[in-house]
Amino acid sequence: MTEKQITRTDLDKLLGFFRERGAVYAPAKDEAGDVALTEVGRAASVVLAYTNFRLSPKAFFFPQNQTLLRFNDGRAEEVGVIDRATVLFGVRPCDARALLALDQVFLDGHQDDPYYAGLRARTTVVALACMRPASSCFCTSVGGGPGDGTGSDVLAVALETDLLLRAQTPKGEELLSFAADLLADAMPAAVKEAQERIRAAENKIAPVEVANSAERLRKAYDSYVWETASQKCLGCGTCSFLCPTCHCFDITDEVRGGTGRRVRTWDCCAYALFTLQASGHNPRPTPKERWRQRIMHKFRYAVENFDRPFCMGCGRCIRNCPVSMDLRTMLKEVGP
Amino acid sequence: MARNPYLPYSARIDEVVVENEARDIKTFRLVFEDPSSAAEFRYLPGQFAELSLPGVGEAPFGIASSPTEADYLLFTIKRMGLFTAELHSLEAGTDIGVRGPMGKPFPWDQMAGKNLLIVGGGFAFTTLRAAIKYILDPANRTQFGSVLVIYGARVPGELMYKEALAEWQARDDIDVHLTVDKADKSWTQHEGVVTTVLQGLKPSPENTLALVCGPPIMIRFALLSLGSLGFADDAIVLSLEMRMKCGIGKCGRCNIGSKYVCKDGPVFTYQELRALPAEY
Amino acid sequence: MSESQAAQETALETSWEPKIVAFLCNWCSYAGADLAGVSRIQYPHNIRIIRVPCSGRINPVFLLRALQDGADGVLVSGCHPGDCHYISGNLVARRKFALFKELLQYAGIEPERVQFTWVSASEGGRFAAIVEKVVEEVRKIGPNRKLVKVP
Amino acid sequence: MTANHEIEARLRETAGELLRQKRVDLFLGYEKASLPFRTTPLFLTSPDEVERLVWNPFCTVNLAVYLPRLFAAPADPRKAKDLSPPTVGLVLKGCDTRSVVALIQERQVPREKLVLVGVACPGMVDRQKAERALGEHEALGAEEDAQGNVRAMIDDEMEVALPREEIVSDACLECRFPTPLIHDVLLGGPVEPKDRDVARRLTAEFESRALSARWVHLQETLSKCIRCNACRQSCPMCYCKECLLDQTRPRWVGASTDISDVTIYHLVRAFHMAGRCTECGACARACPMGIDTRLLVRKLSQDVEDLYQYRPGEAIDTTPPLSAFAMEDPQDFLTEP
């Protein structure tokens, strides 16, 4: 496992160097003042002080609109994924870890999703350890942590003056060796500083009881809490669309005169139409069943199928719910 | 490289047969444009496929033909929503896409050596037709014990596959009972719901598997009847319908509990279903 | 070079002809268009007519979809006030149209793109004159590039 | 102006009484949320829990959004006879009351089943604005001070004062009816609108831009849209059983975030609000992408007022403008040969 370091002032140079191979995205402020993953141009002004991006980086792998097929004169044709090497710098560990969950769905080894596979293969993820978790964060309760490198190819840790870079995968090793000339071997002091900083961040995160959620939810399927908790749910898709692991999608055709495309778009289990059948029958007819599905899918079904909750504790759904629903409260309410 | 799972095989509608008096159920016979597709498309009764029309979309349908009918695929489809309305307007000769086969078939391994009870209602009889065809194929028939079929519809005009039914009733290696909720003057067979016939015939649960497909209300009563006849939950095989999009366990639409109807089903034993939330 | 100049130049290059979708009510305007035809009144061939039962049937999304699908202009015509076959369909519609036209302009869509008028069954001449005017105005502002979606 | 803690106390009292005397089956209010600058809707059925009710500058949600759902006919008509509609009490600010009035007019909610507990509102905090005002800091707690400003406790246990007018919702800055127009109970005194012409000035400013500049602005704004439907779902006036934007036979609006489809989505949504928008700003606050979802609706509301002298949600016994007409309605927008 290669460990390198570079002074923070040379970060722009490093990202500029990565650009020689393709596209580089790094955190920068947008017009509204929010930090977002932005394509790095010649003059990068990378920001390292941020909690997390408004949108999860899942769209780099599972775009909100993905053309699945083109139709020409009524004939279906495949579309390819543009093979443009891409580096995402500054992804938070929670969002990087979410890629493992998405991998389990889209690359199930049975029928791999070629579009996800293509985008995943072309992208190298450099996670940046999180030094300023928000009060809505609970990554440490769902198996992750502010310095967790799983899901990323390289884990970066911002230190006082330097940036520590630790390869997590062969792809990450390759990226670091590509930039070897710009990097120095990590000093023990840097490694120690990184450890301390990560520990300090960990200590800021309040734990949430999710350890035995699958078991608790199994018992709580018929609980009254679903009815009461879902009363205030508006049935919008904010939580799902911002969630780094939510991956449900719709497929629709956009065709005029035999020409057009079949496109995959994000969808959401909170929508009444999600399961509505042509006959008018809806297996999940009210917000109660739909809200239960969302929680069950994340904390029970995913655990049963993939051995992990499909929640990375990023807190986006908590911060952005228009009526301030909090799934941590929900997990408490389902009982022991 | 593996085939893109979103890319349908090109096929052509070869023939359209109206199955019922109301004319809202039709059987579409599909022929692959490229014979090699037919070779790739290996399936067993109980599986389904997504039919695809450019600009309209896709929808999943149980395959009504048996792989023993080598040259074509059959889909029997009721006009219901957006896709099926469009499909019903199509004539023989139209191009259509087929994506699949998808899902798990009936448990053929388990069914070998057993007596089979096949209970169907209404237009859900499609994959059961496929199963019967498959069972009756000379190469397969000896693998199974007795075969008892009970098939019901509201009125005689709603029974599908009339020719095949007549042919099966003429054979002595299968016992086919037809029933209608409401008989007309020409009807000479059972009158009453499927469960009444089932209760009357009292098939033995001994070494027997039951395949049950029908409308929810029929399923509910058939399960009660089978239970009272002594059929164990794991000896009853059912097939679910859910709204689907991808058909390959990714889009999340057909998720029920920890199962995806598209890849873990659509065929489940009653025992498996009981372990799932009743969200179907 | 301004946007409309650019549009005009492209128009010249490709000998572009404006495509206008006209939604005409069954009882007055469609009959008016018919009369224009029967009377052999010449008017530009740029319009594609869609007959609707009443101008009150017009949902603004129809007009948006016409623009999205590549129409350069949209014309909606119903019976004159007081003449509606359904008594007041056009009067209720008039409020919608007034607001919708304002909204589009506010959003930055040229007011010439979507136009509304009344044509009675006996006004073949008026129909032809309106079409001529609409086509001319749309020709002047050039091809529609806003809202257009290429599938 | 009555202090919030007094209003809160009277609110609890009122809700308790209504529930105890069984004058309402359900009381809708606000309770503390898990994060600062927020409250979360509370569905109260027991008088013993009224202490959960709060009244503070973070009571932004328009509770009228829940009413159509509470009074909707059950999907299964056979169940209709077993269900009698509940009686509902709810806390309402000026804008929220306008939504209730409009819902009563549109026969979505029966007036006699409602107990309207009005509170005059000096403007509610937009959490996104408040969070942005703190820059890189995160609030761990926030409360109102005696002047009605907000004090936020930030990470290193420091307090930051946030002037109310800088963090209230945009819709509140434009508010013309801070005091509920109809109510069964009014808690606290009335509040006068600060400036009735803010919305007009905003519209005039946008209108003064060139046509193409307006289009470019709209496209830039809408390019952020992720089609999550939060604007629609949070709107009390968006109660249609089947929304045109969701229809598939035919599909009027494509499902993707193609800018053309997104634009049509927002034009249609805005237009369906013409003469119906009660200006609560729920759509804009709900938007996770910070889109000014009221840009188009604001203009429509103004036109409705100018052309048809109508302000939605002002009085129950009026006819909404798009359900009515006058022979002499202006028609100078028509094309003449």
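When the chains are written out, they are named A, B, C and D in that same order, and each has its own residue count from 1.
Following the convention adopted for this analysis, contacts are C-beta pairs under 8 Å (C-beta built on N, C-alpha and C of every residue); 3 or more make two chains touch, one makes a residue touch a chain.
Here the structure is a predicted model, which means the values were calculated and not measured.
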Message: Looking at chain pairs A-D and A-C, which one is connected by more C-beta pairs in contact?
response: A-D
Task: Return the chain whose centre of C-alpha atoms lies at maximal distance from the corresponding centre of subunit C.
output: B
Query: If you average the CA atoms of subunit A and of subunit D, how far apart do the two points sit, in angstrom?
result: 31
Query: Approximately how many whole Å separate the CA-defined centres of subunit A and subunit C?
result: 47
Statement: Whole-angstrom distance, CA centroid of subunit A to CA centroid of subunit B, is 40
Task: Going through subunit B residue by residue, note those that touch at least 2 other chains and give them in order.
output: 81-82
Task: Send over the residues of subunit A in touch with two or more other chains.
output: 250, 252, 254-256, 260
- prompt: Among the residues of subunit C, which ones contact at least 2 other chains?
  reply: 149
- line: The subunit A residues in contact with subunit C across the complex are 254-256, 259-261
Message: Taking the touch rule as given, give the residues of subunit D at its contact with subunit C in the complex, in rising order.
response: 203, 206-207, 211-218, 244, 252-254, 258, 260-261, 263-264, 267-268, 270-271, 274-275, 296, 299-300, 303-304, 307-308, 321-327, 329-331, 333-337
- prompt: Once bound in the complex, which stretches of subunit C touch subunit D?
  reply: 3, 59-61, 64-65, 68, 75, 81-82, 88, 91-92, 94-110, 115-118, 126, 129-130, 132-134, 146-149
Message: Under the stated contact criterion, what part of subunit B meets subunit A in this complex?
response: 2, 4-8, 10, 52, 54-59, 80-84, 95, 97, 241-243, 245-246, 248-253, 255-258, 263, 277, 279-280
Message: Quick check: in the complex, which residue numbers of subunit A touch subunit B?
response: 68-69, 71, 74-76, 78, 105-106, 108, 110-114, 221, 247-253, 255-256, 258, 260, 262, 264, 267, 269, 274-279, 283-284, 289, 293, 296-297, 300-301, 304-305
